[in-house]
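Okay, so chain A shows up in both of these, paired with chain B first and chain C after.
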Partner chain A sequence: MASRDVVHYDTPLQRVLRVLAVIFVVLYLIWTLLPFVIMFVSSFKDLLAAFKLPEVGDWMGIGVFFDFTPTYKHYATLFQENNFGRYIMNSLIAAGGSAVISVIFGSLAAYSLSRVDFRGKSDLFFWIISTRMAPVVAVMVPLFAIFRSLDLVGTLPGLILAYTTFNLPFAIWILKGFFDNVPYGIEEAQMVDGATRFQAFTSILPLVAPGIGAFIVLCVLFAWNDFLFAAIIGSGGAKTLPVATRELVQPQNIQWGAIMAAGVVTTAPMMLLGLVIRKYLVTGLTMGAVKE
Partner chain B sequence: MATVTIRNVWKYYNQTPAVKDLNLTCPDGSFVSILGPSGCGKSSTMRMLAGLEHISAGDILFDDVRINDLAPKDRDVAMVFENYALYPHKTVFENIANPLRLRKASEATIKDRVNGAAKLLEISHLLDRRPSELSGGQKQRVAIGRAIVREPKLFLFDEPIAHLDAKLRAHMRGEIKHLQKTLGTTMIYVTHDQLEALSMADYIAVMHDGELQQWGTPSEIFNHPVNAWVAGFVGEPAMNFVTAEIRGGGDGVTLKHANFEIPLLASQVGKLNGAAQAGTARMGVRPDALTISMTRPDGPAITGVIFVNELLGGDMLVEVQLQDVRMRVKTSTDFAGKPGETCWLTVNREKWHVFDAGDGHAYF
Partner chain C sequence: MSQTLSLSQTTLDAVDRFRARKVSVEVEARPLSAELPTPTSFNPAARKAYYFYLMAPAIALLAFISLYPFFWLIVMAFQKGDMGAVEWVGFKNFTDLASDGRFLSGWVLLFKYSAMCLFLQVGIGVLLAVIVNGSRYEKFLVTALLMPMMMAPAVAGLLWLFLYNGTFGWYHWIFQSLGILETGSILSSAKTSMYALVLVDVWQWTPLITLIALAGLKRVPRDQMEANMVDGASPARNFFAIVMPNLYPVLLIAVLLRFMDNFRFIDHILVLTGGGPANSTKILPIYLFEVAFKFFDLGRGAAIALVLLVVTIILGKILVGVFDRPTSGGR
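On to the complex of A and B.
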């Protein structure tokens, strides 16, 4: 493998560019992180403290943001009065269930598309991807009609099915790339060694594990953050976190504190997931592109 | 252990034939080498035997049982792949253990067998590594280990030692041959190295352009090639070919060329059938069937001019310029001739060959 060291040549222009790059990164970090910081801090504030703002232009007064006594009452409200424990479970089941189902069927389909030649293969593959091309809103109404006649509206299986409909083509598409990069010789060797075709397939799964990992994350993210499906197909019996949070906005009473706390509860697991599998995710998404 | 019969087998990749009407019978327990240049269909044949490639036409039989439609795992063959095909995510130990694991062998057996194979192949110190941490030759030995760790009906070795250094290769030749004889398992061994085939095989199948050229023991292949192509492919340094005219008839037949006129031995005249009596033919002589001298010898000889001398360790190879071709002669290192000097070559007529000028088949 080639050395990873990149040789640098320092010219004045490059130094200026480097400073500019640092400034840009700092600004960008503030831009992206500030909302989360405000959300996190506010979720521990009284309503009064939350709206205590310094005068415009008074940069010294920035301290008032952090001048409060923390309270956990918003979190208590969420879980005691608003049943958020249930919604977390719903979100987990919907996201996890659809991820697992998509990955199982996705890897089987991707493997076949990668390994077997049959007539109309490229058309089939294009058709699979093309189901993702229509915007979700466009198919929402017909989908709702179908789900309603199947009595799936407002149920977790219904929501899982809806997410799977959209995740599966994505799974097939991503995973096919990963299978394409695994030399077929490995399965041939397995089969000569005494493996069945299916054993040969499972034997190369560790080689596409980064792809599967990356896909599961994207799939979970999609379902976890989704509002549209959850609001329409999951409404009622299968309420997930984004929908439940939305319901904290009531015409005469916007529960800012609870909304901030709900925001934290919704975002934190995904951020943790992101941190845990970060390394995986990066190798996963590049491994498909770089041939060994 | 099995007798392998390949009967009228064809392999087509789309429209291009890679193997053409191949017929072979490998006796039970024999060591058969498939020898041929790159792209002649050796690997295709092996892959059909292993069940990895569809057989376009014809039959393959193991012990008189047709196995065309048998899945690879049911054929009970062990194969060393040309490209190793190791499992990148497994250690060397697990790579070698894989066939045993798939057969649910006991842990003790696995350990025993794998260590035995590793020792034989001199890779015991590498068992914990992964394939990406091995050199090409080491990978190749791991691939051999994976094949010999169990006792299959048939070994298929596709250029298994092509990436080893000369010394290790010589060593592995001995080990593989010994192993095959000890186990008594039929072996089909693909190589493009004629020395490997000549030194290891009981029988050699020489292939060219997807066609079987000759089947025979190493000495038959070397001493009685059926055509000019086989004669030129087998033997190092390669055989010299000179196009010459066939002169005379009855008993006094000679090969005539601007640089020589040499009579055929009496026993050889009959082998030139009538059709070839007048016209041209190709004379083939191996470099070690020629004797070079700086003085005109008594018998018929080839006159030429020394072009260059090459020292090959214990021998000297002298290239001699004739009117239209150069001939190579093997001689001893104390040969005193210098480039540019005239010399004479005497042919050992017991060991020369005459091939048809057209299709190249051998008269003798």
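On to the complex of A and C.
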């Protein structure tokens, strides 16, 4: 890293490029964050204020955006009239349930896959990963037929099971990487001290605990943000937040204020969680293919 | 004598059984798994059966929710009608697809949509990563970039529906003020609706490409760049000769992942256009959704789903091949 200390003089071209780069990043930041600002602010606006726009081309009129008196009525509508408390619970149970199931079963499977070698292991692995990558709509066609005959459509257990179709393979795939990093010697030492094999396994769990924790959160995130499964398999009895938000769009009456408020309610917790597991995010979102 | 020989044989077996599968430590490998140290244990390994018992519950559960439905899917693809009153129709569902204009245009639109998304995402994403990398504000910038990815795609769709609205949408106003768009919402015209969807996808997922590229950039060997610079290479030359070859494998993964996600996630499209106007955004997964869950033609839906799955499995095979690829020389 010594080269960092070398004094470096910019050529004029580099200086121009530098300025251009800053402009680009600033513009990109505005483009990325503006929708959030609009969503957040609009959720506190009366509908009339939310619909106010300056004249076309009147860039100076942007101030209209901040010209409003804050109101909490959209949030009140959500919880009093639209039963959002219940949908939050549904989302929590469905996402949390499938995350816990996936990580418990997944860590057992990941551990054993990491410790044993057998013929056809790579095929088994490919099957597991392809389950995760399959298009949700395509998976849902037979799953819907099966769940309907088992009376699981519209129930939370059905939705938990549906989410497990993508969370379990994800958990196995990622957690195997964690267990690969734990040397077998630790388990051996435990067994020399008189632990059984299963106790040896539980003794190495604390070593992978941070990873497991992060991936419980990621599983929750995937399930919480899902719309398709919830719309079809959860329809009726197990409405989750994204579906409930979508249902605020009615042909005659689109309740924009409530939708923006629901958007804030749905997005804010996931953003916080995302920041908490920031370190594992890229690994998780790329199925462990890229590590920071 | 024979005693010791057989003993050493068993210990050798034991060691062999614990030889971990070779896992490359390259960027493109599953990186969590560093190469295991050569086992030095002479304790007998657990019987394989022990591990299979540990695996069994997960595999059984996965089989129930993925293999069993897969066989159902195959069965359904050869049937017509709903469960209960089914009728075997042989390959009719598939032959019908060949003459189904929507099915074919679904593929075309899917590829068009993916091509536009990927082109913009990779271009902007890599550019952003190169700029952000090593910047003083890197931490803040990366955190800000993360935000869109955390949003539920369906909610993102609703938010953009609001922003695109032809009478009170701010982005509609911006487009009009910039003179890009005339009257009418961007979503209401068959000519522009696809671009609207691409913009939403670019908004939400370009940061992922940036983060992946950033992770790749961190691995570019500094000494090579310095050596190159000492040899008199310009920064541009440096970028293309040293940085790009190192970035290429991660970008390939990023592109494949995003491409497959375009098959997987249609939430925002369902919310924004639902395939319209005039079928201009009816990419294949949307068409499948319509056939199966709007018209409840599960037989035909199963046939489409099967075709879609086969294509994804092939793509997945390629992706996993990239994951496992050994080092591409030079390092």
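To be clear about the criterion, the second predicted complex is superposed on the first by the 247 of 292 C-alpha atoms of A that agree within 3 Å, B and C clash if a C-alpha of one lies under 4 Å from a C-alpha of the other, contacts with A are read in each partner's own complex, and residues count from 1 in each chain.
Criterion: a residue touches a chain if its C-beta (ideal position, glycine included) is under 8 Å from a C-beta of that chain, and two chains touch if they have at least 3 such contacts.
Only a predicted model underlies this, so the values are computations on that prediction, with no experimental measurement involved.
Asker: Tell me which partner A:203 touches in the superposition: chain B (first), chain C (second), both or neither.
Answerer: first
Asker: Between chain B and chain C, which makes contact with more of the residues in chain A?
Answerer: Touched residues of chain A are more numerous for C.
Asker: Looking at the overlay, does A:51 come into contact with chain B only (first), chain C only (second), both, or neither?
Answerer: second
Asker: Where does A:126 make contact in the superposed view: on chain B (first), on chain C (second), on both, or on neither?
Answerer: After superposition on chain A, A:126 lies in contact with chain C alone.
Asker: For A:190, is the partner it touches chain B (first), chain C (second), both, or none of the two (neither)?
Answerer: first
Asker: Look at A:15 in the shared chain and tell me whether it touches chain B only, chain C only, both, or neither; answer first, second, both or neither.
Answerer: Touch partners of A:15: none, neither chain B nor chain C.
Asker: Would you check which partner chain A:86 touches, where first means chain B only, second means chain C only, and both and neither mean what they say?
Answerer: Neither partner.
Asker: Please work out whether A:29 is in contact with chain B alone, chain C alone, both, or neither, and reply first, second, both or neither.
Answerer: So A:29 only meets chain C here.
Asker: Could you give the residue numbers on chain A that contact chain B in one complex and chain C in the other?
Answerer: Of chain A, residues 183, 185, 188, 191, 197 contact chain B in one complex and chain C in the other.
Asker: Using the touch rule from the top, collect the residues of chain B that touch chain A in their complex.
Answerer: Residues 50-52, 71-73, 77-79, 81, 83, 85-89, 98-99, 102-103, 146 of chain B touch chain A in their complex.
Asker: Touching chain C in the complex: which residues of chain A?
Answerer: Touch list, chain A to chain C: 1, 3, 14, 21, 24-25, 28-29, 31-36, 38-39, 42, 50-54, 56-59, 65, 101, 105-106, 108-109, 111-118, 121, 124-131, 133-146, 148-149, 161-162, 164-165, 168-169, 172, 174, 176-178, 180-181, 183-185, 188, 191, 197, 201, 211, 221, 224-228, 232, 241-243, 245-246, 249, 256, 259-260, 262-263, 266-267, 270-271, 273-275, 278, 281-283, 285-292.
Asker: Applying the document's contact rule, which stretches of chain C touch chain A when the two form their complex?
Answerer: 17-21, 23, 27-28, 30-34, 36-37, 39-41, 43, 46, 48, 50-52, 54-55, 57-59, 61-62, 65-70, 72-73, 76, 83, 124, 127-128, 131-132, 141, 143-155, 158-163, 167-168, 170, 173, 176-177, 203, 207-208, 211-212, 214-216, 218, 222, 226, 235, 250, 253-254, 257, 260, 263-267, 270-271, 285, 288-289, 292-293, 298, 301-302, 304-306, 308-309, 312-313, 315-317, 319-320, 322-323
Asker: Which residues of chain A touch chain B in their complex?
Answerer: 183, 185-186, 188-197, 199, 203, 206-207
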